[in-house]
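Letters A, B and C name the chains as they come in the text, with residue numbers starting at 1 for each one.
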Amino acid sequence: MPIISVDHLSKHYQVHKKEPGFIGSLKSLVARKYETVKAVDDISFSIEEGEVIGFIGPNGAGKTTTLKCLSGLLYPTKGKLSVMDFTPFDRKHPFLRQISLVMGQKNQLWWDLPAMDTFLLNKEIYQIPTKRFSDVVDDLSVRLSVQDILHVPVRKLSLGQRMKMELIAALLHSPKVLFLDEPTIGLDVVMQKTIREFLKEYNEAYNATIILTSHYMGDVEALCKRVVVINFGHILYDGLLSDLVKEHAPYKIIKVIFSEVVEEKKLNEYGETKSYVFPEWEVRVKHKDANDAASSILKHLPVEDITIENPQIEDVIAGFFVANKKEVK
Amino acid sequence: MKRFFRVYKILFLMNLSVLTAHRGAFINHLISGTVWGIFSFIVMILLTYNVRSIYSWSKQDILLLNGILGIILGLFNTFFQANFDNFPNLVNKGKLDSFLLKPMDAQVLLGIWHTKVVSLSRALIGFIFIFYICIHYQISISWTGVLLSIPVVILGIGLYYSIWLFVTTLTIWFDRATNIVELLHSLQGIMRIPPVAFRELNLVLFLVVLPLTIVAATPVGLFLGRFDFGGLALLTTVSFVCLLLSRKFWLLALRSYTSASS
Amino acid sequence: MRYFRIFLIHLHRVIENRSRSIVWTLLALFNPLIYLCYWLAVYKSSGSMIGGWSLSEVTSYYLLLSVAGSFLIAHIDESVAIEDIYEGGLVKYVIRPFSYFWDLFFGELSWRIFQGLIGIGILFIIGISFQLLISFVSSPLHIFMTFISFLLAYTLSFLFKMILGFSAFWLTEFRGIQSSAEIILLIFAGFIVPLQFLPTQIKEISFLLPFAYMVYFPILAIQGRLEYVELLGVLGMQILWIGFFACVYRLMWNRGIKLFTGVGQ
């Protein structure tokens, strides 16, 4: 029985359109024209307990809208939603006690007070028993290495430290379902890695179901086996990330460093040259031909160094979007 | 109920901590609140300078009305005003999300989130003004009436709360009209004037202003030992009806909440 | 020409933010109308003349006040203090090759005109619904001088509010001084009661201060209650106060801009 079930979900907004210029402004004063924007349009999927799913798509694709519908913030225009057998928009307290929504740019910590004060407030709101509260705070603060700054006013913390405190505040009540909207946005690479490792550990330790949206493919690669690709409010792909890569990037990249100059036209017989600036050469070859191509290059060309790599996930996804471009109706 | 008080206690202490963390802002708010409190009485003194009465309301009654209003506004400002003032900003910036996702009634949580203790100065000024009026005009007040007026003042605050809830909820649809709170502040002027002053208006307008006119006017009679059962019944009915309707309106509005993007 | 362009751009913005504009207009209308209800009841219950004014004169005054507030009182102080000075928005003005003062002057004018016109529309509806009569000045010279006094009144209030906003160069908390100024303006510009109704000493002080020339006297002018000589006197006082405020503005700008650090930009 899936823990999350989405059945033909749609969310439409009315957006006002104004003609340009002063006359357009005067016209809109009296009679405004509205257009329906289909942020999410007839999507269906289900998620099992304990899964970590990545929602990927460009800006305006409908990722955050889907998350907000699932958490109960938005009232769906059409469709049925079920999260842990609850209808999210009813926002029943037993439902809210089991979910958490973390948005990278929005915060719940009180700016002038230490994070611990907000934790204590959440303890009362979520009715967390004192012993469990202490255990969770101790556990999470050690995992995120913030034990020493729990009593420092939030305004004095760095962005990365604040994000860690936001995560703790969101996880105090040990939610079964976690919705994360761009959790690593604006963080440096070290902090991003820390957050990813933490989320992975949290998922393993608590068997929490995690739905994550992110523009950083590093987040998705590190955490998610399964991805849902969404654009213009439609699901374009729902399956394993590895299958997506195999299907839409049936090639490998061979990187070569030459010891001597080689004519460019000589290189074309080995594959599709991505770039060649002596001494570095990048060539794209089909998956199945990668080993043979590499041997041939080593045999016939003055090679100093050679590596075979998979394509960047970002490139794969970008290519996938281009191939599946749909016009907005 | 116990849980509500536990949450409220923590929020109250957090608000006190924030207040004491910024001494300059604390003093600034205290002075500002006091100055506006005093100004509201100066306004009534100016308005009644050349006036002896308005129908059955004497000058002293009108001034007493404003003293009681000062107490009501002082208490309302302390417990609710900051939350209502901040509400359009919460909607506009999508910060209402964290309130809606807590396992506690969002309307209640929003209502108790901020407490502005410095605003009690306005209530204190109200008390001082009533004391001054009673001595200056040699008014004898009924102590039974004063005690009975306490629940009536609470009803008045409830009515005023529901009016604020109605109007600020509109920002869920009109999220650019964040200055709507200024409009409500300006409507306080209606509460300063005896309800009889509005009987010249047509019925529709009178019904619109009626809830505001009775917020502070009803306890005045009790203070002076005049028991107006009709007025009390009206205030009680209107308060409960407005509280119920404002709650329904709030729940309806949440369906249209679009949660501004980050 | 470019200031006309600036004016039009701001007018666009005003129309785009129509719900905010309507709320600001209603704000300017409400209090005078509430006070009008009060005075109607006072007159009907007690007498035909109060403070030397008849009911129709008081009615006319408050109805005009409700529109004059929208036209004449600038609301620029808060954005100057908070957005431009505290939040550093002034940076984008000082690097441009045109005057900060005139940019804001014409920008604010668009808000005043838009809200004033809405106010006139609402006033017209109220006047017809309640059959209320407003007396207006009628002679062409009077109309011209009244129009000049309106322009000068707007300029005076704009300068005053700019100076108020500039206090943010020196103060870390602007709201305190803003509240105090608002209170003084409400009393001495005639927003609460016509200045004629004030106790004698306070009335005389109010006629010396600039606030009466922002709202009270322009309203008397449009009502036709001022003779030519009195009207000339009003114009003279407006020009004197504009001159004084212009000097204070210049002084505060020259000193304040040296302290400005552009924090947040």
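Note that a residue touches a chain if its C-beta (ideal position, glycine included) is under 8 Å from a C-beta of that chain, and two chains touch if they have at least 3 such contacts.
If you're wondering where the values come from, they're calculated on a predicted model, not measured in any experiment.
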item	value
Relative to chain B, chain with the most remote C-alpha centre	A
Chain occupying the most central position, where position means C-alpha average	B
Distance between the centres, which are taken as Cα means, of chain C and chain A, whole angstrom	52
Centroid distance [mean C-alpha coordinates] between chain B and chain A, Å	45
Chain B-chain C separation of Cα centroids, rounded to whole Å	28
Touching residues (chain side chain A, partner chain B) in the complex	13, 64, 68, 71-75, 89, 91, 93-94, 96-97, 99-101, 103-106, 108, 110, 112-113, 117, 120-121, 124-127, 153, 181-182
In the complex with chain C, residue positions of chain B that touch it	24-25, 28, 31-32, 35-36, 39, 42-43, 46-47, 49-55, 174, 176-180, 182-183, 186-187, 189-190, 193-194, 196-202
Contact set on chain C toward chain B in their complex	17, 19-20, 22-24, 26-27, 30-31, 34-35, 37-38, 40-42, 44-46, 50-51, 129, 172-173, 175-176, 179-180, 183, 186-187, 192-193, 197-199
Of chain B, residues touching chain A in the complex	3, 6-7, 10-11, 14, 17-18, 21-22, 94-95, 97-98, 100-104, 109, 254-259, 261-262
